[in-house]
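Listed below are the structures to be examined.
Across the two complexes that follow, subunit A remains constant while its partner is subunit B and subsequently subunit C.
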Partner chain A sequence: MTRKDTGVGASLLRREDARFLEGRGRFIGDIEIPGMLDVAFLRSPLAHARIASIDTPEDADGRVFTAADLSDVKLVPPASKVPGHRIVAPPPMASNRARYVGEIVAACIAPTRAEAEDLVETLAPDFEMLPVIASMDDALSEDGPRLYDDWDSNVSMETGFDSGIDEIIANAPVKVTRVLDMARQAMVPLEGKGVLAYWSERDDQLVVYSSTQSPHQIRTALCEALGLQQRQIRVIAPDVGGGFGYKAILHPEEVIVAALALKTGQPLRWLEDRFEHLTAGANAREHRYEMNAYADDRGRVLAIDAKLTTDGGAYSVWPHTNGFDAIQASGILTGPYDIGGYRVKTQTVVTNKPPLSPYRAVARPGACFAIECTMDAVARAVGRDPAEVRLDNLVKPEAMPYKAITGKEYDSGDYPACLRRAMEMVAEAPKTPAPGRLLGTGYAIYTEHTAVSTSTISHIGIPMMPGFEQAAALMQPDGSLELRVGVQSHGQGMETTMAQIASQVLGMEPDRVVLRHGDTGLSPFSTGTYASRAIVMTGGAVAAACDKISVKLREIAAHLMQCEPSAVRLEDGLLKGPSATMTIADAAETWHFRPYELPDDVLRDGLEVTGGYRPDGDKGPFAYAAHAATVSVDPELGTVELIDYVAVDDCGTRVNPMIVDGQVLGGVVQGIGTGLFEESPFDDQGQPLATTFADYSLPTAAETPMIRLDHSETQSPYTRFGVKGVGEGGAIAPPAAVINAINDALRPLGAELCAVPATPKRVLGAIFDAQDRAKADLETAK
Partner chain B sequence: MTTLSLTVNGRQVNTEIDPRVNLADFLRDRLSLKGTHLGCEHGACGACTVLMDGMPIRSCITMAASCEGVEITTVEGYDDDPLMARLREAFREEHALQCGYCTPGMLATAYDIVSRMDRADENEIRAELAGCVCRCTGYRGIVRAIERCIAEKSA
Partner chain C sequence: MKAPALEFHRPDTVEAAVAILAEGDGAARILAGGQSLVPMLNLRVAFAETLVDIGAIRELAAIEDAGDHIRLGARVSHARIEDGEADGHCSGMLRHVARNIAYRAVRNRGTLGGSLAHADPAADWPVAMIALGVDVEISGSNGNRKLPVEEFMVDVFTTALQEDEILTGICIPKACPDLRWSFHKMRKKAGAFGEAIAAAVHDPESGFCRVVAGSSAIGGPQRLNLLETALQEGPADDDAIRDALTRTIGPLDRYEMQIHTVCLRRAIEEVRT
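Moving on to the complex of A and B:
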């Protein structure tokens, strides 16, 4: 049965909006526990230093804590099955050596944050500078310093794949080579990270409020660090003001605050400020791709030979390690194309920077940037239109499901139709250049493995592999329904979409359903919200739990209606038998309050169930999209104005099209940030240079055009309702689309940009390089 | 400590404060008005925007001690305000919020824009919004909600 008005496919307005619009959300900084004290940290001002000593004021006993005070806290190293992968877990506090600016050296406790910061000011640390590894090049320098004394290099992980491409290389008429750089970024959820912890005697539990996407993961890690049983920690994620991956990892502050709350017996809180985020949290992206594409004369790509280097920072974050970007990029670098030969080598290096962490779509924006800029370069090399060359190279719909050379199975879809639709939309709104400006349009298309499944990443062997996702459905005596899930909704609108799924299965009005989420004390286990997985995995689990409820309700109704359960249908929220009809509330009320109307043995195990879900064959579905950017470039100033942006996506069945649009739009603007604005540069001493929003530029409404969207809906053959994930996708293509657009604009100047973000300095650099080349050519010709 | 008298959401407040406390912390910690959110604490993201005597200001870079005699309106203070009611409805209908963290500042800014401008095209609205960061929505819904409310003024 379906409910078009409130079920799967309805653009229902969001349930969660009311509290946020009235300022009644409850974020981590809004929670007050009696006796709560604030924590401020002394952080390393140097990128690489030996900590000789830290002098503390005499009267600061019990208010200042250093690594020595946490000697009983265990490190929580992420595991890895990748051969030779060297893992160093970040210590909660640096003990004798600090390895990046912002690494925590001491914690100070006071009634307010201001007073805690005053206390930090009174500490007298003695740092001895050590040689700094400030870049990938520093890390790879033969005779440079080593981050770890017992390592023979600064390479923490190397991986590779070779399908055997020597013959293709020898015969391909066209070779295109590019080096493409994606800068380091901060993720910048508007609410910073935060944690609040206190011991609850009555519950025999450490209660930890954390602004996290993954409460059960954090609980697991904290138990390991503190030597507690999992029943002894409850992690609650209240309203979370944006995550984007930043809040899907274990943060040292979570360990410190939890450990000190235990140690001091006092409720403690730390709220990240923006300076802390932009320095110690500058932990995303930073990839370098050396791409070699081999093609025929028409631009049909025959093989890709790539080398990828990522700057992993100083440590390996839990649970993903610092190698996840490289692993994922190498697994998707051939993009949505039918490419017969592929060779890749990756290396992850360690540097004096914050540990690399997965940011929205993880490595896909980098991989898409690399293959899509290369695709444009191939088109230029053979003198054809880049979109046409793409159409020739894309996997054809009749080839679905398509086994890519990387081993991934692209499950469904029509990639060329998606690109053609984007081309149509560009043609529908032609732009004219302003005087003195150069106009360009660029395309980028990707396919994204969403709801990443066990089999996809089991070879990596990180902790906390996703398996079955679970949801609990608790039928209340009045026929209303409580859903409990372990994922956390922080903008995705799950309080609405999960109710829609329950409405779809049970025919109930969504306002009779409530979703409890983000609390280990309430819900079944979940690895959390990440990898565009919630609508696929949790949605599937909610449907599975509701299926069980449906069976139970029909069993009750069958007894009351004196018929077989198979003769009872659940339609529009009503239980319909051959001769009678009753409401869900009638059935639920009877079982709870009037059991005498039912035989003794009806529903021995009650009306509260847990459903489990994973896609058929453990196959995470592939969503995809084609994006097109149109830019106006000022060749004198190097400034880029984004004047049009088109995104055509296919995420299978859209549970709530309005929310899907929101996810795509938000992702696109973050991707535009990666492409045009956002960068966390470091100087040669490892000092972060973008420490305020004056230096770290974010896209605002003024820099972004009215993004135009379209969708197709190719149902995944493997998931409930045919859904595919969509949370991250929007952020994947913009860096590539924007750079391809800029290069289209710069074509008359013979200039080409190969790095993001496309700041005026970089754009002018590309133009000057082209001028220098032209001059040199002229000299040679003379 | 210094004395402070001001009006917050129509209520007279007379108190003593530490001169270094900013308005946002004063509203949140002393008056328990948690709807005012801090996103950057250096006046750049707009999340903490409130109205002071009807004008939008950044409460994170406004010292509470400088607020003697002023009237502050926070997101909690629009009980019977028809324009704010309409803005909230439009924000919901246009999916102008996701995580909800920037929303109170966005609403204060939107309230000011719609109050001041009798007509505005999309680009003007975008320029007016340039001081407010939203990390989730991509701004389309926010711009459209404001556009609708301005259009309704002249309808």
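Moving on to the complex of A and C:
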């Protein structure tokens, strides 16, 4: 029942690539609906302002809309089970108070975007400036301004955990303390966000094209906002040019465009541009970790005592709230290590910035950065090699499945072997420094809970909990197969991998399989594509649906071959009985076109099925990887050149190893962006300072060395085929690996950097600090 | 972001372009490669009622040998210079500077004259051109004039061009084949604007000698006469460079002082050795 050449494990070329590479993809911006108008928004130019009034031109009736025009649109608040979590849902449009630069204040519609922007310029809003909360420190200042008048502070959520570490603290010979900062950034998918909506009279439906990862989720939210039944909205995600979490949340623009399409009866479209994205979409990361590690004198870490502050921005996004980063980071902060004591406090504060949203791997890049920089600091404190100290602290393979102090159960894997392989690969390619440059190598290793299951996050209480997953398989009369799934493939290559899974189960050529995805009008319900879940959850559901098809095909064949169904085998796309063989197409055609060849009570419910999946025991797999970065630092200019990068990952069974490589490579480059380049700084008035690509630096081919990959495959005991998700993982380790490499290079100078991105200014700052310390020490010595 | 509606002209002579500018009464702007102006129009941070596209004026794309200097038409692209069309002069400095501007896609359209006329304080050409001591040619309603480039570059985003004038050409003096030059640009990543730029040029035959720094942080290109002696007689230590920067530009914060000092020192050392 398997096909090694086209099934699970085959590196098939991606079937979707031809249309993308030849410019034949169909994104929101490619879709034309007759009579369609463009929407442009008036956005708040101030970070915190009272909106006294908005004067609109007299002839602009029916073309300009403010919050007052959306008074019948209901807020869609995210939910939280965290005690005391204060949540404010973002209003589609600010009515009397704007809380970040870029918040929508009015919508203008016109035949073209340029004309809609002209209309925006004719509006005369009267903003009264309010005191700004521009940073975590502002938010936590005792006598500073408050974002919400009825709150007694700017703290939205606090959580904590304590395994009881007082005794360890009292007796540990080594204590290491670091404050580590990860900057705010934007997610910058190749394609910006976009939404297009129109009422379809014939379908009695609002059709909403949205560049989203989660069509069913968006449908649920829009129905709630607009007071429609779920049958009355169809959300279609056409080709989507990257999501990274940015497109896994409800955007105010989706609500506004849908509401105004209903209100005006006209097809409306909004396409996000880069300026909007880098301003209103500067919504990711921004964590501060105060890490205290307690260790023995060999660097064996006995306890971690941490405090995490995240800048949650102005509102809580639907469905995850502003607390998702803090909850996830504190849940994985001890990393892949066997650490016996753990205490953590988190606080999520509100500020005058765009609402914090989950970005590829959500908080794990931050958590990995925190524990891995701390691990290097521990190694330095005890005078040992950081990689060796890691090996001593990692969970051992014989301890699997391992129950971490955080309560998570790591399912399988050999973490030390993974790190040792990365060390070997570094040793295989030794580097020599250029004149005047300092070389350094840094490691980072993580474990990541992929395809998060219900039990993992039910305590958070978000409104749409992932759990069951479905896939429909529709056997066509000619024996070709249509798969319909509720997830959306926007770079993951699912049109290829899901066909491979069908090929694996049914033995048919992937060319005979098509995947329909991202359309609530076509597919079974799904919460969508996020959390590295599709290959585990949807892959499992596709396999289950194909299992059902297989049973049905064998039943047909058994009747035609006059044998028992159990005597029919499905091999290489052929149904083989004891005395005869037939093709899948023969069986399918018989049921559809020649029912007279079958008894009337056979297979009445046909060859179109829905299969379902939920991991056994509701457990999730843990994928993991060890990365190593080597940098060349110019200590006079603070510039960092990444000269080598190694990533050894284990995501269980690889359905398509080539696609896994692509996912890891893309993730690593995004992580390099977090580590070295990407940052959305704000000034003390909450004004964003990187609003075009001239100021927002993304890594390009020129900044990326040849990334050397290797893999191991430890099958998860809990999933179909033993797969673990891989979509996010690549992005987790690079910030930590890069900073550890830089600090390795800076060791001769006595300098240490504790913040990303490692811009020349930050690197030189760390060197200046070391110089000042040395000078002060010298003075003291005198 | 999309630009508001505007009038578009594409004249084929300098005279016709000047006439449109004169009629435009200050609201007309020249469109050369459009690599800065078009994004700024789209972002609605620059405005024009009329765009005068000079892409059809053939003489502005010419590269000619004019005896003691080489003359580049104002709309010669960075890419043509990168590809060596103006090579054989300045010992490869023009080519080096061109090759490190933004990305090839930008260089294909962006022009030398456009860069000078735009006067972005972080741009490369103004620094390089001042270091080479070039003159620029200007045409306007009142005829033609010629200026040393350092007089042309007045301030941040400000040049000596009048509303009805066009920068038509750049006259680069022919240097001796042994011209010593160095151009150091410190940037966050390939393709980015320089955080600090330093150029040093020394013609041992004529004794011509210049040191120029540039960047947004120091308000655009700054000629550092105080360092020119050091370039010839050397050595330039960091204290002397810091002193020259402070006296020419004013106080700089520690980071800016460091990166400009290091770029200048490296440029001077490279020319001297």
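Definition applied: the second predicted complex is superposed on the first by the 782 of 782 C-alpha atoms of A that agree within 3 Å, B and C clash if a C-alpha of one lies under 4 Å from a C-alpha of the other, contacts with A are read in each partner's own complex, and residues count from 1 in each chain.
In this section, a residue touches a chain if its C-beta (ideal position, glycine included) is under 8 Å from a C-beta of that chain, and two chains touch if they have at least 3 such contacts.
None of these values were measured; they are calculated from a predicted model.
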| item | value |
| --- | --- |
| Contacts of A:203 with subunit B and subunit C, given as first, second, both or neither | neither |
| First, second, both or neither for A:764, with subunit B first and subunit C second | second |
| Which superposed partner A:677 touches (first subunit B, second subunit C, both, neither) | second |
| Which of subunit B and subunit C A:30 touches, first, second, both or neither | first |
| Which superposed partner A:694 touches (first subunit B, second subunit C, both, neither) | both |
| Touched partner set for A:669, first subunit B, second subunit C, both or neither | first |
| Partner chain in contact with A:636 - subunit B first, subunit C second, else both or neither | second |
| Contacts of A:273 with subunit B and subunit C, given as first, second, both or neither | both |
| Subunit B versus subunit C, judged by how many residues of subunit A each one touches | B |
| First, second, both or neither for A:117, with subunit B first and subunit C second | second |
| Shared subunit A surface residues [contacts with subunit B and with subunit C] | 112, 114, 273, 692, 694, 700, 702 |
| Partner subunit A, residues of subunit B touching it in the complex | 18, 20-21, 28-29, 33-42, 44-45, 47, 74-76, 88, 91-93, 95, 97-104, 107, 122, 125-127, 129-143 |
| Touching residues on subunit A, where the partner in the complex is subunit C | 112-114, 117-118, 121, 273, 275, 636-639, 677, 692, 694, 697, 699-700, 702-703, 759-761, 764-765, 768 |
| Interface residues, subunit A side, partner subunit B - complex | 13-14, 16-27, 29-30, 112, 114, 188-191, 239-242, 244, 273-274, 490-493, 658-659, 661-662, 664-670, 692-694, 698, 700-702, 704, 706-707, 730 |
| Of all residues in subunit C, those that touch subunit A in their complex | 1-5, 39, 43-44, 186, 188-193, 195, 254-255, 258-259, 262-263 |
